[in-house]
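This is the structure I want to talk about, given as structure tokens.
Every chain is named by a letter (A, B and C) in the order it is written, and numbering of its residues begins at 1.
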Amino acid sequence: MKEMDSGKGHKFRKDLILEIAFRKILSLSAILVILLILSIFITLVIHSSPSLKAFGFKFLFTKTWDPVLNQFGALPFLVGTILTSFLALIISLPFSISASIFLGEYFREGKLSFLVKSLIELLGGIPSIIYGFWGLFVLVPVVRSIQIKLGVAPYGVCIFTASIILSIMIIPYATTIGREVIELVPSEIKEAAYSLGATRYEVIKKVILPYASSGIISGIILSLGRALGETMAVTMVIGNSNYLPRHIFSPSNTMASVIANEFTEATGDLYLSALVEIGLLLFVVTFCVNYIGRYIIKKYTITQ
Amino acid sequence: MRDEIYKRLLKDKLFKTVVIFLSFISTVPLFFILFHLIKNGLSSLNIEFLFNLPKPIGEEGGGIANAIVGTFILILISSFLSIPLGISAGIFMAENRNSKLYKIINLLVEILQGVPSIVLGIVAYLWVVKPMKHFSALSGGIALAIMMLPVIIKSTEETINLIPESLKEASLALGVPYYKTILFVILPSGLSGILTGILIGISRIAGETAPLLFTAFGNPYMNLNIFKPVESLPHLIYNYAKSPFSEWHQKAWAASFVLILMVFTLNILSKWVIRKWKVRF
Amino acid sequence: MGDKEVESKILKIENLNAYYFENHVLKDINLQIPENKITAIMGPSGCGKTTLIRCINRLHELSPGGKVTGKIFLRDENIYEMEPMIVRRKIGMVFQKPNPFPTMSIYHNVLSGYRLNGIKISKIEEERIVEETLKKVGLWNEVKDYLHKRGTFLSGGQQQRLCIARAIALSPEILLMDEPTSALDPVSASKIEELLLQLKESYTIIIVTHNLQQAARISDYTAFLLMGELIEFDKTEKIFTVPSDPRTENYLLGKFG
């Protein structure tokens, strides 16, 4: 140790400086991230303010979106967003719940489980633009023929088509959450039910699903959050109409898709500001939905 | 009594059948999409397609080289911006669970994870494109970097949390300063997890279009200057798909095939990394 | 040598108080550890024995909420006035669960105290240290052909010996051991105990243990802690046969467990 003690003076000073510098860099990174996220919100607010000042709360209830007259109301897009997202949620629900039960209960391991899990994961990895592209060229003609049969205007592009594409896109996400929650159900309570003579279906219906219910609900809410923000796939198949949709076969626009379509064309500060305000709305809405979803999951895991 | 049991068993079988059926149907769209991609796109896929620049409409041939290069440039910019910051913040979060700063940053990172990518495109436009007065690869890279950041932070934090505390203490007990303990003991042990997070982040942003619509914008020519607009694979697909030209539709199918190949490869790579390099304690 | 052996005290603990957030976990500890002997620290769970040794190598203050007051003299220097990193190189520690660095080879694990601290030594010196320490811990013959493999293929007992080698490679004066055999099987545990008996010729060993038989087997001196207080400290032989304090006696009779 003697050899190491000599000459230690400046070496330890250097170590001390590096030590302090390192810790400072770490906390600085954290602060930077915090500032970044806060500035995102602030930027959106600042650049929405012309529109906020001009229209106030009426912005949410006005259905006119007229760039020529500089009249902007977001109602058509709110309606479009809500309709597509909720419809997508409803369509996807039976599939994601089934897949969650399939992977979480019936087939937890083995080749079949691996296969289905991988396929669903791959599905979740497909970029949104490809979904939109495929939807435009494959799904839209199909919907068009349905519309002809139903006697509705055969646009092909409409809320219905967007909802279908959205539902396919959220199935992988919802399935992952649902599967994890179902896997976590303790085997003790399942065995208790079996030992009372219940069939597997009854155990799933009366024990597993109730136990996992908050996790499943959380998964549903988080999928909703995903659907709300989905842009490209929706833009390509929703028809891009700025009027209030009359039914699910009407072309429409969502908050995300109107931004995608019109942002680069927006001349004039008010026009741009209105679009930024829609972006701000999206930010706030997705934040609330995600927060609620995660809050439920957190509460749920504590009571475990 | 026997009737009742019989009914219950029937319901049980029926339920299982329905679950299996619906689960398989959930996977069917994948096959449809891949089928159409291959059917429509494979014919246009050749070396020329991958290495040439687009030709004006009406002319034969042409390729997507500028889009492929552009996607790589955007990935590079985004990684350069988000990886160092993300890893540092992730280390901070793993090492300072009890601090007040932790609660704040945890909440904000979760918020960021849920922000739609198009909103980030708006922000990047307002921060970079508007002041610069033109579109640029840099602005697109910034938007993508903001998208990638929470992925990297979370995966770094989770990876480091999985490393047993006794490892850190063993190093400290040898008199090793804290910063060396983190850099030379903890981070190497968590390398596979962090790398996986990076690969997953890249595979997510590689397919993103929305944030690029008004930042990187698009460019019919090859461009290596980060201060100028640049084409990317997803954006090219969007452009071509919207157009009225069937030759461009054809190219869009082929480009989609390339894109999906890229994304799938990154996904498989990330799984392989975790398997091969995972350090067991 | 008569009853009064004049041994040098390498470590003098004076009025040591330790806190964990608001909990007062060590209360006014005064203790003198003799050199080149094995001192066992025993007591029921939660009595503060682990905290005590973590104060000796200044690891306690790194835990969130950890606070220490008092003095600990290593020979004549108060370790709380020294640079913590120097303290930790002079006072090594071995942990309960073997924790060799998983990304380093056996060779580099032994030398990790040097490499991580940026202490430069020649290749010849490196190899000498590796061979010497691995021989001291009785691992040399088992691993000499696998020095560049990662240590994770070793058994629990071998890994623990590797951790001891890693600690003594820095030639510390004191070796702190926190229940070093409680995670091992009985055969490996007894091998480690034999090793400690050999090592005490070169190092002073302080071992925390909840295994009374182990303390009786290998230690020269024993300290008994209860609820943060030092109840009794004396030669092991005396404590285990005629303890002075009734609380010590109760513990030994299994009342506290």
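Everything below uses one rule, namely that a contact is a pair of C-beta atoms (placed from the backbone, for glycine too) under 8 Å apart; a residue touches a chain by one contact, two chains touch by 3 or more.
Computed from a predicted model, the values in this text were never measured in an experiment.
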(request) Using mean Cα positions as chain centres, tell me which chain lies farthest from chain C. (result) A
(request) Point out which chain occupies the most central position, where each centre is the mean of Cα atoms. (result) B
(message) Taking the mean of the C-alpha atoms as each chain's centre, how many Å separate chain A from chain B?
(response) 15
(request) Please report how many Å separate the Cα centroid of chain B from that of chain C, as a whole number. (result) 48
(request) Provide the C-alpha centroid distance between chain A and chain C, rounded to the nearest whole angstrom. (result) 53
(message) Residues of chain B that contact two or more other chains, please.
(response) 177
(message) I need the residues of chain A touching at least two other chains; which ones are they?
(response) 15-16
(message) Residues of chain C that contact two or more other chains, please.
(response) 85-86, 89, 118, 170
(request) Going by the contact rule at the top, pick out the chain B residues touching chain C in the complex. (result) 98, 164, 166-167, 169-177, 180-181, 184-185, 188-189, 191, 279-281
(request) Name, in rising order, each residue of chain C that touches chain A in their complex. (result) 83, 85-86, 89-90, 118-119, 170-173
(request) Within their complex, state which residues of chain A touch chain C. (result) 1, 4, 8, 11-12, 15-16
(request) Give every residue of chain A touching chain B within the complex, in rising order. (result) 15-16, 18-19, 21-23, 25-34, 36-38, 40, 43-44, 47, 94-96, 98-99, 101-103, 106, 116, 119-123, 125-134, 136-138, 168, 171, 175, 199-202, 204, 225, 228-232, 236, 256, 259-260, 263-264, 275-276, 279, 282-283, 286-287, 289-291, 294
(message) Under the definition above, what is the set of chain C residues touching chain B in their complex?
(response) 57, 59, 62, 64, 84-89, 92-93, 95-97, 99, 101-103, 112-113, 116-118, 152, 163, 166-167, 170
